[in-house]
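Two complexes come next, and they have one chain in common, subunit A, joined by subunit B in the first and subunit C in the second.
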Partner chain A sequence: MKILQQVLFIFLLIIFLAAIPSIIEIDPAEKNISWNWSGLGKGIGDFMNEILNGSLGTYQIGNQIRYISDDIFGYFLTSFSILLAGVLSVIVIGLMLGIFLSQLRITRFIHMLLNVLSAIPDFILIIFSLVLAIKIYEVTGVRIIAFSPESGVLNIWFPMVLTAIAPTLYLFKLIAVQYYQTSAEDYIRTAVSKGMGTNYINFQHVYKNIEPFIIAELTKVVSLAIGNLFIIEYLLNVPGITKFIFQSNQFQPVAIGLFSMLLISFIIYMSIRFVLYIFKRGFIYE
Partner chain B sequence: MAEKLLEIKHLKQYFNIGRPNQVKAVDDVTFDIYKGETLGLVGESGCGKSTTGRTIIRLYDATGGQVLFNGEDVHGKKSKSELKKFNRKMQMIFQDPYASLNPRMTVADIIAEGIDIHGLAKGKKNRMERVYQLLETVGLNKEHANRYPHEFSGGQRQRIGIARALAVEPEFIIADEPISALDVSIQAQVVNLMKKLQREKGLTYLFIAHDLSMVKYISDRIGVMYFGKMVELAPADELYKNAMHPYTKSLLSAIPLPDPESERTRRRILYDPAAHHYEENEKVEMRELAPGHLVFCSEKEFEQYKTQYKK
Partner chain C sequence: MNKFLSINFTLYTGIALTAILIFLAVFGPFIAPHTITDTLRTSYVDGKIIGPPLEPFMSMDYPLGTDRWGYDLFSMILYGIRYTLVISITITVIKMAAGSFLGLYIGTWRKVPQWIQAFENAWSYIPLFLILFFFLAPISVNSEVNSFVLIFYFIIIASIISIPSIISSVRKKSNEIFKSTFIEAAQTLGASRHRIVWRHVFPQLKESLLIMFILEIVQVIALMGQLALMKIFIGGTIFRPDNNIYLSITKEIAGLVGSARENIYSHTAYILYVPLVLLLIITISFSLLANGLKNHFQSTYQRTPWIKTSFEPKLKPKRKVYAKLKNK
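Let's turn to the complex of A and B:
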């Protein structure tokens, strides 16, 4: 019942968000904003009609009108792969630096660096990374990024890296704090006094106790990554799902875009949970 | 005379060495522990009792001195197999039964961890049999094996901690305030269990505590620590009857008695380290006042204590 309520609430929220451009009207002559609530009803009606007729509708790019169904699969796949790679790297880097390699001296230096970086807002980090990539091209002639959607990997790998930055800083800080807290517990001292190795203690005792925090924060990590994806796809001209949201203010593409984004985040969340489960079953004695 | 199991010689454990905030947690401490005995270690909070225990078991690398276990240097360079052998012989029970058990592991896994690492069980069935046996030894039953620590009371958790320590058949157990976090009614149960196990398995204990009446009850000998130094070491009865060092006297005067009349008239002796008036090059060390009764004092104080000593 609770899940049904949540699903209904999310559905209505997305519909409302998608309808906002058609509800709000700006009167340039009067210089004021007016609310046109009839736009909401019309938008929902059209949207439901299209869906019930087995069509996703159309969207507009410049002067072109295209079918959403023609482009949605490619856009979905692009956004999904960027987000999956980004969130997976967040988990891997967070776990490696936060737990398994935290004893190394170089990791301590990286800890310090990441702590400094985490004080900088994520959109500044993204813009700084873009400027850096351009400077690298100017100095060395090596192309790191490409703004053309036809550039293949060059148009994809940099967004993957940028998507991972802010969530990595967030998750790493969380894991590092939990690690220091957990490693001071008496059961860790007991394990040390029994002569167990660092790796064994990290896997059997530390990871087991940090895992619930990672799972609890996973939704936050995915939402941070999605927030960054909006900025990155727009700035780097990536042909992802946000094209439906940014390219037009029509109800249909915005609603489809937001629903697709929700589906992507759900699949990513479940995939990471599955990866963590496999990791636990594979490496940790239960 | 019983055989020495552990010899602690001039043990030093300093923290923040070379910095302005250097701490001498354990400073030149020397004592022996004999096979089958319980040596109680008492002193106020922060005097270095727990650090002494942790340094003995190698939780900390000693700054100086030696810890000899069955004649072998514990802190000396050791191969992996030697270390493994040593780790099996020496176990530790911690103060807080809530923090000393991994909340994400079942009781069976907690107890069997040592068994697995040292390969003491052949197969899963044998492993579980040993776990059940250990649970019964500490007064729990086999139904408890698949539960998690949060499902137990403090006393039961401490019993699990004891079972975990016993799992590898150790010779020596460092009990770091094992009853401090327990309810008074449970404290006696746990101490009696430890005494019973000592009789049955010939264990040797280093019992760290600050409950002086409980220490007297369980210990054969008692060492008193103050500010990182051992100030008095004597057989339990002897220490309570003939305390010589002013700090020991102060500590004993703080023991509450279950008698309102004597509590009203009880005079607390305060200890002031400046009262010793040691001269600059005066040698202050542990001196034997009577057989087995050592006091940390200067030559002048030693002569004074000898006259005060009641035979």
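Let's turn to the complex of A and C:
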């Protein structure tokens, strides 16, 4: 029931968002902002018509008008692979540094670094990484990024890294706090007094108790990654779903783009849950 | 030495930096060496040509250099910083006041209606800057509306759309406290809901709400920065299609970053770095302030871990000494 309501809310929100550009306009006579609600009904009507006719409609890119259905598959795959790789590495790095390797001396150093980085807003980090990539090219001649959509791997891997930065910092901070809290619990003391090794305690006691928090924050992690993906695809000219969203103000492509994003994030959320489940089954006794 | 290490440096640095920023926001235009419409004229000084774009630290008159048209970057950021700070703090005040008020009361409900939770989850899924982008994109670029109307509009919408997340986190905290036994005692003694909220729950949350307030300022600045990368500047964007130039009307710092973004690929990258570094300093000073306060409050309630963790807080808890120990 709750999930149904949630889906309904998201659905309404997306429709509303896609319609906003046609609702808000500037009244040239009074030089003021006016709301034109008739745009909402028309947008939704056209959208439904297109969908019922079995087509996805068109979108405008530059001066060209193209069919959404021709491009959506490739765009979807690009965005999906960037986001999947990004979120997976977020989870792996977060768990490794936060729990399993947190005893190592080098981790201590990484912790300090991540703490400093997490104070910086993500868009500044994105700009700095771009600067860094350009400087590396200037100094060494090694090409790290490419802005042409045709350049294949070069155009994909850097967005993956950038997408992962902000959610990693977020998740890591969360896990660090939880780890600290959990390690002060009495059952940890009991385990220590029974002479169990730290690794054993980390797997069997700490991880098991932190997992619910991670799952609860997973939606937030995915949504952070999506927020960054929007910016990164826009800045780096990646041929992904955002092409539908930022290139035009029409209702049709924006709605299709946002729904595709929803689908992508749902698939990713589910696959991360699956990975965590496998991990728990494989390594931790029930 | 030990005493020296236990000083909360984060807090004091944060306070000092924030004070400097507020000073600049208030007196910025009075300190500025030029107005924002003054331009550097090309001239010969000691046999060298001085002309725009002038790099930083080349001339005493233009300490941080000029942009491509000869406008002084230092004056520009001094004029812009007040917009950045005032807008972000206003939004934070509105959303924190409304969000914590509602959150405190909703936290005292026995059961939170399912639709509220569903709405919160749905809302947290969509990135906020995207919502603002759709609201501002049709009206910001080459707008005929006065830039103060646009700023007002941005403040209202940005506050409203970020209230749900504040309600959600305050609600959870307030609910956690509402379960404690002292609330039960107050209820037994006949305290009304308002009394419980303001006399029992709110005092427990004061500190975390203060920290949240400061961190939310950073969130708003981040939001403005994300919009600026999309060429939506707060207070309006001037778009010159002949050269594909986007300019910020208010010279707000995030807007300056956004409009100078293309310089990253050229030798005039400093036009981007100047506002970017300032924005970085602004966010870092607020983060330091928040972290310093957190250390200050947390050291009082700290727990001790049983296994080695790599993130022990350095500050030792300061506890009130009520009576001196006699036999030590």
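Here, the second predicted complex is superposed on the first by the 279 of 286 C-alpha atoms of A that agree within 3 Å, B and C clash if a C-alpha of one lies under 4 Å from a C-alpha of the other, contacts with A are read in each partner's own complex, and residues count from 1 in each chain.
Basically, contacts are C-beta pairs under 8 Å (C-beta built on N, C-alpha and C of every residue); 3 or more make two chains touch, one makes a residue touch a chain.
Quick caveat, the model's predicted, so the values are computed rather than measured.
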Greater residue coverage of subunit A in the superposed arrangement, subunit B or subunit C: C
Partner chain(s) touched by A:K208 [first = subunit B, second = subunit C, both, neither]: first
Touching partner for A:R143 - first (subunit B), second (subunit C), both, neither: neither
Which of subunit B and subunit C A:I134 touches, first, second, both or neither: second
Which superposed partner A:R273 touches (first subunit B, second subunit C, both, neither): neither
Partner chain in contact with A:R189 - subunit B first, subunit C second, else both or neither: both
Intersection of the subunit A residues that touch subunit B with those that touch subunit C: 185, 189, 192
Footprint of subunit C on subunit A - complex, ascending: 1-2, 5-6, 8-10, 13-14, 17-18, 20-21, 24-26, 28, 31-33, 102-104, 107-108, 111, 119-124, 127, 130-131, 134, 176, 179-181, 183-185, 188-189, 192, 198, 201, 219-220, 222-224, 226-227, 230-231, 234-235, 245-246, 249, 254, 262, 265
Of subunit C, residues touching subunit A in the complex: 114-115, 117-119, 121-131, 134-135, 137-139, 143-146, 149, 153, 218, 221-222, 225-226, 229-230, 257, 261, 264-265, 269, 272, 276, 279-280, 283-284, 287-288, 291, 303-312
Complex contact set, residues of subunit B against subunit A: 54, 57-59, 83-84, 86-87, 90-92, 94-96, 99-105, 109, 113-114, 117, 164, 168
List of subunit A residues in touch with subunit B within their complex: 185-187, 189-196, 204-205, 208-209, 285
